[in-house]
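Common to both upcoming complexes is chain A, partnered first by chain B, then by chain C.
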Partner chain A sequence: MAITVGDLTRPRGNARSIRDAIATGLMATSVVLVMIPLVLVLTYVIERGSALFGWRFLTSDIPTTRSSGGGMGPAVAGTLLITGTATAISVPLGVMGGIYLNEYGRNSRPAVMLRVLTDVMTGVPSIVMGLFVYTFLVLRTQSLSGMAGALALAALMLPVVIRATEEMLRLVPDDLRFGSFALGSRRATTIWRVALPAALPGIISGALLAIARAAGETAPLLFVIGITSKPNWSLSGTNTALSVQIFRNATQPFEGAQQRAWAAALTLILIAFAFTILARLLSAALTRRSGAF
Partner chain B sequence: MSMADDDIRPALAERVDDIAVTDDVEVFEVTGLAVRYDEVTAISEVDLTICEREITAFIGPSGCGKSTVLRCFNRMNDLIDSAHVEGSVLYHGVDLYDPRVDPVVVRRRIGMVFQKPNPFPKSIYDNIAYGPRIAGIKADLDGIVEQSLTRAGLWDEAKDRLRTSALGLSGGQQQRLCIARAIAVSPDVLLMDEPCSSLDPIATGRIEELMREIKNDYTIIIVTHNMQQAARVSDRTAFFTAEVHGPTGQRRGRLVEFDNTGTIFSNPADERTEAYITGRFG
Partner chain C sequence: MPPFAAETLLHDRDRRGVATDRAFRSVSVVAGFSVLALLGLILVSTTNAAWPAFSAQGLRFFTSTTWDVPKGEFGALAFAYGTLIVSVIALVLAVPVSIGISLYITEVAPPRLRKPVIYTIDLLATIPSVVYGLWGVRVFAPWIDPRYESIAGWFDSIPVLNTVFNGRPISGVSFMTAGIIVAIMITPIITSLTREVLTTVPSSLKQGAYAIGATRWEMIRGAVLPHSRGGITAAVMIGLGRAMGETIAVALVIGSSSVVSARLFNPGDAMAAVIANQFGESTGDYRAALIGLGVVLFFITFFINSLARVWITRGRRRAGIL
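Now for the complex of A and B:
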């Protein structure tokens, strides 16, 4: 018996297909709008910054603001030193805090308090962190230092790392923990050998994004690390950073200083980019190894 | 599950000879067991004896507390904050709920296989070696891994991919991996909480075959929704049900009948058991 199939062609011109066309058009427009500032910033910085950028720029000392040419060696050193120290402080502490929140504290009173404080801390403007370090460390010790900058950045990174760790651990199914307990392992063993490895890719990418973000912070560093024109690889004594140098040089009326600011901006973008790539590669490698998620 | 078109008797008749209930060594002696989650009593008044090298099946409708009872044998209920266990569970004469007993040590003697296969996101090898490693065993891990996988009937399928992720295995293979992982620490008892509920009939058949094979070395308690499965593999069967309790209308689990599997399925003493196994209820 034959079945009447009827008209299967897509209807045109009715209300639903018009709404579909409008929605599709809006989404395409948004994609383009979002791309415009990103592409503009990137191309502009590359265009203006590449004039001076190069190995010499990355290694030579900072000249006086009036002279042209020169480099940002001390600022590269300062950014790597200060961000590196901030990472060494905040990542271990933050991961341990995240483990506490998800594996031990859960909904206990101290855990809930810590969670609220962490959320509040995430919203604190970065300059306030700088001010805090300035009053509590710089004024008391009467010295500007890279350490002060590292502490300010660590305070900014800490809540991000705590919450990233907690969220990633929460995604690890409890079935895995029960499986581990049922084999006779203690809580610490279960966390160390099952929960943490399963959450590691996510924790690493969260931490590296926090690092990339901190590397570009200017406000908290401005008044706690001071200034130097020679590389200072020590945590004590005045130091400088790329973000601070961009601010100082860009506000000068001299062409040479402005060129240095653009090249420093390019350097900072490349550092952040390198961290992002590293984050992706590391989590991809770890995910492949464990086959998780 | 309806039993109307699924007669249990053929499954039982096939194995009349190998149901060998002998009154040998008692592994667990349960008296007056009750478990409550905060104020809600999930199950109460359970008295049971589990014998060595037998397969005991727990059957009953959903929510009757059979899995809750199972988790009392390896103190997994400790991991649920709201759970409180009353009564006594003697394991070879030792009260498992004595304050001096370390649940971690208990769980090394009494292994567990879960409803959903839960391999760790590690290699097949590392999954099996996990238990022995945390128990501090370093010698001959390769041998333990091969032996456990062989016992679980997974060696031939897994031997060439030991270093690849366990998550690449099929559901049935994953469950056999979990059984291999549990027996790698040489436990005395194996608790299985609906181990086949997420598997197809072929994978289920392989697990049942495996249970019959390892029965000579382990005492097995299996919770199952599948009555044929209980009839096919178990030596003794406990039937649980949930009853409305008190004026609040709360449902509370009860052990209705505990007997030889043959008796439970062919000549049950309690009419509720009869109603359940003939498909008139549940």
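Now for the complex of A and C:
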């Protein structure tokens, strides 16, 4: 019997092709498998959270644990204030650190070591950052504050921003830098006026992803910001955050407290998704533009 | 040297230029080294605060399972055991699924499906730990509670397994529940690192496998996986580090019981969860012991991550990236 090319490239019905089909099936199954918890978590949060969610929920003061209804105004304020401050601290520092790694350090020994350390630091458990700020700041000043929380989150965001900046700067072709040097610009001018603007959308996208992660963090805030039931827009004095409120209310037996936990979870997910989508849109715009490189 | 016109023109601005240039460089060097400084500060500051507990407990801190607050005995072994068990369960569940997803994205999926699948997996990483915890303790644990009993029934007559798949969860919270929730949470990171490794497999290797008549699965087994073994191991180790440090979700679904038990359906406790659950009510040596748990956690995760990252860096250099 003549063997056609089709038979050779696509063996059918024998043990080998069956094994191939099973393997492919298992791979597709793992994708489906991981979608299940995603869909389930989102449906429950939206379904249970929407009962209380709304403008009043986002702005009213936190009632006592036993009472029903009420809002999470102080926690919304705290999350925005603390995450915002953490961003203001970690992004400038992280961008400069990324500039060092890609523009000055490159493959020098210290840069290679710092690159590994930065990656390692992204794996340090977030609760350790909380303990660090507690022992370093709270114990010394004897005061819980939003600032302490912001520092813990900033420590968590810093390595992420550094690496995102570095990766994006690496994508900027050296030709652009050479062009700038050829016009007589100094190193700093070249980096600030040429390399950084070219990498900016990517850096902002990386920073937004870091913010999305930081906004949902609980462990670093748990014992450094204290608690409050009135909004506190100041960095000093005790504060609270959505994540901490969810943690405190999750195991409360009272229906009202649980409802507030679900609505706070919905708020937190909306914040995190908003920043993630913004980051995606930015990097999509970057990909479209990258033909210019 | 004869003065060029351009040079005299630029002279004043140039001085400032040199100064700005140097200042910019210094600021960036300081920022780059801030990570090193921060890691050093974390180490010194937390170890210092935990010292009273370390010196009072001595080796007992690592070898005793007795965590008796009124007596002032703080042995962390039961919690270390819990951390290990939860991490192992999480890895056993998450690693095959993560490798499967990565292979699907890099080898099977049509190009237009790749991005959507990647984005969806990344969404899992965007959901905060505390939301997984809330869902875990309010929805998942009560749902799985009666099912643990039937699962225990299947393994009833098989030695070893009838101990492992056994136990009495308290309304669904247990080692197993915590392990499952953590598995969901570490899948995105293992997947994205594994995917990165898989894309570095040279296409000449894959084409070679196809050329000698391999099916896709044979190509994956013969070319892709052997080439990626080191990188996947590193990804798994980073996943392990994440699992060990996972705090809030575990604190809500593990059950807070300091008992060493091989029965996975029993409630237990883990290091990070203990810190989160007990810190608020602690004082003095008790608090120092909790900070000590954090120090141990820092050392373990730092070690695991360093090993994995050095591994990845070497692999990248070998693959010609970087």
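Simple rule for what comes next: the second predicted complex is superposed on the first by the 246 of 293 C-alpha atoms of A that agree within 3 Å, B and C clash if a C-alpha of one lies under 4 Å from a C-alpha of the other, contacts with A are read in each partner's own complex, and residues count from 1 in each chain.
Rule of thumb we're sticking to: a contact is a pair of C-beta atoms (placed from the backbone, for glycine too) under 8 Å apart; a residue touches a chain by one contact, two chains touch by 3 or more.
In this text the structure is predicted, and so the values were computed from the model without any measurement.
Trainee: Mind checking chain B and chain C on superposed chain A, clash or fit?
Mentor: In the arrangement built by aligning on chain A, the partners chain C and chain B fit side by side.
Trainee: Which partner chains sit in contact with A:225 here, chain B, chain C, both or neither? Use first/second/both/neither.
Mentor: In the superposition, A:225 contacts neither chain B nor chain C.
Trainee: With both complexes superposed on chain A, which partner does A:269 reach: first (chain B), second (chain C), both or neither?
Mentor: Touch status of A:269: second partner only.
Trainee: Residues of chain A touched by chain B versus by chain C: which partner has the larger set?
Mentor: Partner touching more chain A residues in the overlay: C.
Trainee: Look at A:62 in the shared chain and tell me whether it touches chain B only, chain C only, both, or neither; answer first, second, both or neither.
Mentor: Neither partner.
Trainee: Once the structures are superposed on A, label A:179 by its partner contacts, choosing first (chain B), second (chain C), both or neither.
Mentor: first
Trainee: Quick one: is A:97 in contact with chain B, with chain C, with both, or with neither? Answer first, second, both or neither.
Mentor: In the superposed model, A:97 contacts chain C only, not chain B.
Trainee: Once the two structures are overlaid on A, work out the angle chain B-chain A-chain C from the Cα centres, in steps of 10 degrees.
Mentor: 100
Trainee: Output check: A:197 vs chain B and chain C. Expected answer is one of first, second, both, neither. What do you get?
Mentor: Only chain B is touched by A:197; chain C is not.
Trainee: On the A-aligned overlay, A:157 touches which partner chain: chain B = first, chain C = second, or both, or neither?
Mentor: A:157 sits against neither chain B nor chain C.
Trainee: Between chain B and chain C, what minimal C-alpha to C-alpha distance in angstrom results from the superposition?
Mentor: Closest C-alpha pair between chain B and chain C: 7 Å.
Trainee: Considering each complex separately, which residues of chain A are in contact with chain B in the first and with chain C in the second?
Mentor: 186, 189
Trainee: Under the touch definition given earlier, write down the residues of chain A that touch chain C in their complex.
Mentor: 8, 11, 16-17, 19-20, 22-24, 26-31, 33-35, 37-38, 40-42, 44-45, 93-97, 99-101, 103-105, 107, 110-112, 114-121, 123-129, 131-132, 134-136, 139, 155, 158-159, 162, 186-189, 191-192, 212-213, 215-219, 222-223, 243, 246-247, 250-251, 258, 261-262, 265, 268-269, 272-273, 276, 280
Trainee: Okay, in this complex, where on chain A does chain B touch?
Mentor: On the chain A side, the touching residues are 173, 175-176, 178-186, 189, 193-194, 197-198, 290-293.
Trainee: Could you please specify the touching residues of chain C with respect to chain A in the complex?
Mentor: Touch residues, chain C against chain A: 17-18, 20-21, 23-25, 27-36, 38-39, 41-42, 45-46, 48-49, 96-101, 103-104, 107-108, 117, 119-135, 137-139, 184, 187, 213, 215-218, 220, 238, 241-242, 244-248, 251-252, 272, 275-276, 279-280, 291, 294, 297-298, 301-302, 304-306, 309-310, 312-313, 322.
Trainee: So in the complex, which bits of chain B are touching chain A?
Mentor: Its residues touching chain A are 74, 76, 79, 104-108, 111-112, 114, 116, 118-122, 130-131, 134-135, 164-168, 178, 181-182, 185.
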